[in-house]
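If you scroll down you'll find the structure; I have some questions about it.
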Amino acid sequence: MSGLKIRDLTLAIGAVDILRGISFDVPAGTITGLAGESGSGKTMTGMTVCGLQPAAARVGGEIEYDGRNLVGLEERSLRAIRGKEIAMVFQDPSAALHPMLTIETQITDHLRHHAGLSRRDAATRAVETLDNLRVPNPRSALKKYPHEFSGGQLQRIAIAGAIICNPKVLIADEPTTALDVTVQAGILRLLRQLCTDLDLAVLLVTHDLGVMSAVADRIIVLRHGEIVEEGSRFDVITAPREEYTRSLIESLPRSESWGTQKEKAL
Amino acid sequence: MTAVENTRSRPRRFALPKALRSPLGVIGASIIAVWVVAAVLAPWIAPADPLAQSFPRLQEPGGTNILGTDAVGRDILSRVIHGARISLPLALLVVVSSMILGTVLGAIAGYFGKVLDEVIMRVADLVFAFPTIILALVIAAALGPSLTNAFIAMLVVSWPGYARVARSLVMVARQNEYVVAGRLLGASALTSLWRDVLPNVISPVLVLATLNVGAAILELSGLSFLGLGAVPPLADWGAMVSDGVHQFSSWWIALFPGLAILTVVVAFNLVGDSLRDSLDPTMAKAVNGGKR
Amino acid sequence: MTDPLLDIRNVTVSYRQPGVGRLTAVNDVTLSLGRGEVLGLVGESGCGKSTLARSICGLEPVESGSISFNGRQVGRLGFGRRPRELVAIQMVFQNPFASLNPRRTIGSQIEDGLRANPRPDTWTVAGLLDEVELDRSSIARYPHEFSGGQRQRIAIARAIAAGPDLLIGDEAIASLDASLQAKIARLMRKLALESDAALLFISHDLAVVRVIADDVAVMNRGVIVEKGPVAQVWNAPQNEYTERLLSAIPAVDGLGRLPATV
Amino acid sequence: APAGDQPDKKEGASLVVDMSFDVKTLDPGRSFERTGTLVNHVLYETLLTFNGDDVSKPVDGLASYVLSDEDKVMTLTMKDGGAFSDGSPITVDDAVFSLQRVQGIAGNPSFLLDGVTIAKTSDTTLTLTSETPNPTLAYLLPNPSLGIINSKLLTENGGSVDSDDASESFLNGTSAGSGPYILESYDATSQIVLAANPEYRGDQPAYSRIVVRNVIGETQKLNVQAGESQVAIDLNPDQVAELSADELNIKSAPSRYTIYMMLNQDPSISTITSNPDFSTAVKSALDYDKILALAGKGAERPGGVVPSMFVGTLPTERGNQFDLAAAKESLKASGYAGEEVVLHYANDVTVSGIALQPLAETVQSQLKDVGINVTLAAAPEATELDNYRAGKEEMGIWSWGADYPDPQNYIAFAPGENLGKRAGWLAGDAERVERLRAAAQAASFDDRGAAYEELQVALNEDGPFIALFQPVGNIVTAKSITGFTSNSVWTIDLASIE
Amino acid sequence: MHPLARYLLTRLGIGVVLAFGITLVTFTLANLVPGDPVQAALGEQASANPAIVQQFREDMGLDKPLPVQYVTYLGNLLQGDFGVSVQTRTPVALELQRAFPATAELATAAILLSILVGIGLGLMAALRRGKTVDHVIRLVSLLGISAPTFWLALVAYYVVFYQLRLLPGSGRLSPGAVPPPNVTGFYTIDSVLAGQWATFGDALSHLILPGTVLALSTIGLLTRFARSSVLDVLSLDYVRAARAKGLPSSAVTLRYVLRGALVPIITVLGIAFGSLLSGAVLTEKVFAWHGIGEYAYNGATRLDLPAVMGVGLVVGITYILINLAVDVLYGFLDPRVRRA
């Protein structure tokens, strides 16, 4: 099986245990949702998979990818995997793209580095990718700077940069939190489509259960660095086993629970 | 976004104790303390009267005069010690007055905007467009050399730094929702400025002031060096270095007062740095931006 | 029919944007609100919701049209104090970390509210703290000792202390944890209605508004495109934009249905 | 003769002279500062001159002279064969033009010819006629400010003998004289470069090029030590004391400056300093030897204001003397009760390398010992001059440099005269001094010495001036320099440097 | 009109107003001086003669009322005439032409040095945050900003020139050396243009000591600033994103980090320039560098009104131009500014 196998992953900074031994799989062709309250270690998990945890962090356990354990791998080999095989998408696209570099530079520099393509070939590939992701006028978009795009377009561009090297794994850290619902819908569709078309293993980090419910195949709920719930999307949302998960779901305005309270208040 | 962070991590009161916990801050504070003690106790700890020309001229360091004597036979060590009584209080006075003046003007400009802002900030630009020392030079030359006039010159050239910082801080701070809330509850603009805005921008301004004490000492001594500051026979460090220009091979005349300046300025910078490091990043940036 | 409490007629507000020209943030908006009513205002980011709210408070100059409150014209807030009658419009803001002065005790900040109240004896600080379910001992504490949700309650207490006839919540719960949102929203509604005030509840999230407001207005690019009772708008949107907005909300049913895009 | 004809070891080499500049212009008719004088002396020849170091007797320059019996009319006869640097001959018209121009353009040196009428009397002669007997005229003519200018060239470049003259900037770029050097470039702030004048009819100077640089005293010392320059002009005795005579030549001579202190006599300026007893107290309170020590080795203290090398100088013993007891007594008699008196001085000038500041500090400290509270007021000279010349300073320390080597120059210290007025000392204020002054001015050559000595004794006793000392002038040169002449008028004769 | 062009024009307009303000301030200040410029310019004997004093006043236009003097000055200024120095009676424009390039060359050398060294050290310190290198660099930069320039100049002069004889001490060229033909006024550049390599070496060796002394405080300033802005950038998302792309760290540092850190650094360059000029006034005195600092000092102390105003103007305009250049550079580096 391609994709990621995470086994007993631990991460500590100083005396603080941030991840306390978590194990789960991110199989290819599926979206694995990672949920949990703020500070539960969602982002840390994603970063650790890429080997981008803070320098002071101590990592234990295994992250198996393509038959290798990424934990403890030397920086050079990691760098060869990073961006090429395992790509990342961040929460706020306008912060994750350098404001002073053109789109072209930002979505092709690692392509050229990893695949040794010429500038022109890389640009051609970039145009194709942007076009696939339905970014309008891809050719002229390459020459533009991030501030000239809307948030949704930027996130598409960022995703283009992430998939341009044909990675096997995509880690998306709250890719829609900074966006409006209408835009969010588009990005979610895109993720779904990429996952299927490219047989990507997607790790989707989000605290939004609506998003989970829409795209994740499996849901993992993290709390204080431990997995408190894991299961298929339907199971977790309709029949949460953990108290914590339940409270999360109940507080959602989508359920009718608010309505009853409104009547009460009146 | 930034506003969130900035309120979240800001300590409630001025973070002196925490800031001074850093080792460099401690070193800086200790050096300042030593100089302050030296300044206060100067008459008792200085080996000689700083004005008494009672020694052989141009004695090398060592012997009776530990740091040597100057061209008229005064003890350099005593003069260096007494120099602290001039440089330190004057620099503090310059910094405090220009801080008050600059902050008030900058806060008004930042809070009220429009014409007031334009007028105040254009005047500040005007002052900025002059290199400090040249403007101070003209002022000091115009009014005649004296510490008072050096003070006036320094005040004129240093308030804009505070005004800029205060203005930019106030412009951000007045966007804060508690400021708006205060207005909605019926506070007048002045009340709002005084009660809700100023207290929340004052710590970076104070940090800037601490950082500027060093610069003020440097500039004041620069004026004295040019003969436009302290009036002889006052033992002023800058003026003492200037004496050394005429007595080059008697290197001790210029060396020691220069070292005195260096240590004090280093100390204030160390303390200022650790204070700034204790500020949250956005405010620290404002402080950096206002530095000349 | 008596005059409504808040009467917004053909209001247009625009901003000057350097190098671009003027940007009309609120375009010819007409709305009214009576006592005891809860109106939700929804729309996407940047559509002008906050601008409208700020104009109602006199914080933005109105370019054309008029806003009247209790029959009194709302003018732009200048250097002076706000007119006594207009203090009856109070607002709760989005950012719980910026809505309290970090250097004053929460007691004194709530007192500011009481001082602005024409009937100051309606409330006491302690009573208000009870009302928002905070410990009375909090009076002497400073904002940084409270969590985001607690701060938002303090901000609500301060607004309520002023005895408002109109309470505006501008994304008042948006930055809170999902589990807290319901609580705070409920609190606002309850307090507003108990004091016979109107509530203008602004949010970009239609799902949230749906459960708290009686009526809802949908705003798009500065224009109110649809207004009506919540159930009607939710179940049978008249406007195409509202429809789009609604269909983009992911359903939390665990069925993996992708939200619709246009 | 072209320079190439005389093989010389220094041919082609540049001579570097360091001095602190006070130059404002190189127009001889306007220049009266030390640097300008030094340079103009080798750019322009004068009708009369001094022979090397000896300023006691004017000798023939471009002309020879006879003075009429009553000392009123001087007849100058031009010598043949003189030529300007552009090759044109020097005529009597050039001489008349040059002198009249000095008068007409009313520059700093125009006082040299006050009350003198200049007339051409033949193709080779001109006369200078004074209204009153003017025995010093011959001592004035060597002054480089009275250098002879190429009148034709200057007229073509805006020159005239009246206030319409517009040739100053021309003269700042091109010299129009007949001296051993011509001006190559002039920058008032950094340097003046001179090149040998191939048309010069005297002996070609040893150096074909001279760079005079503007450098402060302390740096001059380092430069001459490092071999960066060959001549340093403004070293003070302290600096000289640190030099080794094995490595450098040091020539010290009394300078023409008198450093003096002034006590204002105008009661409206100060009731304290105008009190004669106070004045006397100050005169005895100063420890002159200690002050002299500040001026370093070689400095002297004549008994009065006239420097040691001039006729009529007063021996030290006859001058004021330090007497603490007497000072305290006079101070008591004056009724002085510890009020602040302000001592003014310029903090940006040095006189022969001596800064006034330590001096003022020492005076302050010495007066303190008898109980006089002095506040120092330092200012740049430019600011202070105005105060001083307007007679508004309570006390001041200034220097007076002889404009020409004659004691008559020191009449300025008399009541009602230039300096006297600045001290609030007006004509009629001091009967004895004025009587002695008249006597000194009337004295014939042999008696002048004694007459001026008497005058100075009276000045010391009754006057508001206290002569402090006469600094030494030091010229330090590299060992490669084997000789030069110097005097108090043009400091050093650049053309004489070998 | 292109927004950038309009922006520049606005800035230029403000610059003109500022320059006008500078003349007004200098004029007012210089006329507050208690001394009389005429006394300062005239000798002992001449000043005692009222006729000469009067004529000098007329020559210099000092007999007119102050407002008339000011208006005349402004009028002449528009024709590029800065007036005539009261002290030297030379056109101020001419004197500035001589003095300004000297200072400009010194300041340029110093600023180039500071940019190179300052940014380099700052980057190094930030990348090795908390390590020994970082501490050493911080110490050095702290000393740099804390040492009085005039004192450093003295010490450097004494040690490097006087004791060690490593470098020439004073002046811009060796004594007797002929300056290269004047094109830019920068001896280093002019000598290269004229192909005079010996002169170039000479000018350069004279530039090193004062240039370094002058640069030290700016290096300190820039190092500290560069360090903190690099640290800021290092924590930004786009740097994380760049690293997540598997780019080599040199590419991340140079392309992403430095690029982002440069913008705030550029903005302090204007400030640094101001402090450099202040330093120049003090440094020039020690190194006998006959530049604008010395000219200003002499002008101010000798009450040479036109000279002081000339300096004020030239320096003010330079400051404005430099800040304009900084703004343009800023726009060049940051596309967001380019548009707004």
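Letters A, B, C, D and E mark the chains in the order given here, with residues in each chain numbered from 1 onward.
Assume a contact is a pair of C-beta atoms (placed from the backbone, for glycine too) under 8 Å apart; a residue touches a chain by one contact, two chains touch by 3 or more.
Because the structure is predicted, anything quoted here is derived from the model rather than measured.
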Third chains touching both chain D and chain B: E
Interface with more contacting C-beta pairs, comparing A-E to A-C: A-C
Give the label of the chain whose average Cα location is farthest from that of chain B. A
Centre distance in Å when chain C and chain D are each reduced to the mean of their C-alpha atoms: 87
Taking each chain's centre as the mean position of its Cα atoms, how many Å separate chain A from chain E? 51
Can you work out the whole-Å distance between the CA centroids of chain A and chain C? 34
In angstrom, rounded to a whole number, how far apart do the mean CA points of chain B and chain C lie? 46
Got the chain A residues that touch at least 2 other chains? none
Among chain D residues, those touching two or more other chains are 216, 219, 222, 348, 379-380, 383
Within chain B, the set of residues that touch 2 or more other chains is 141, 144, 227, 245, 248
Chain A partner, complex, touching residues on chain E are 236-238, 240-248, 251, 255-256, 259-260, 263, 333-336, 339
Which chain E residues qualify as touching chain D in the complex? 33-37, 39-49, 51-52, 55-56, 59, 87-91, 95, 98-99, 157, 161-162, 165, 168-172, 174-176, 285, 288, 290, 294-295, 298, 300-303
Could you list, by residue number, the parts of chain A that touch chain E in their complex? 50, 52, 78-84, 87-88, 90-92, 95-101, 105, 109-110, 113-114, 145, 147-148, 158, 161
Flag every residue of chain C that touches chain B in the complex, lowest number first. 57, 59, 77-82, 84, 87, 89-91, 93-95, 97-104, 109, 112-113, 115-116, 142-144, 155, 158-159, 162, 175
In the complex with chain B, residue positions of chain E that touch it: 14, 17-18, 21-22, 25-26, 29-30, 32-34, 142-143, 145-151, 154-155, 158, 162, 221, 225, 228, 232, 264, 267-268, 271, 274-275, 277-278, 281-282, 285-286, 293, 296-297, 300-301, 303, 308, 311-312, 315-316, 319-320
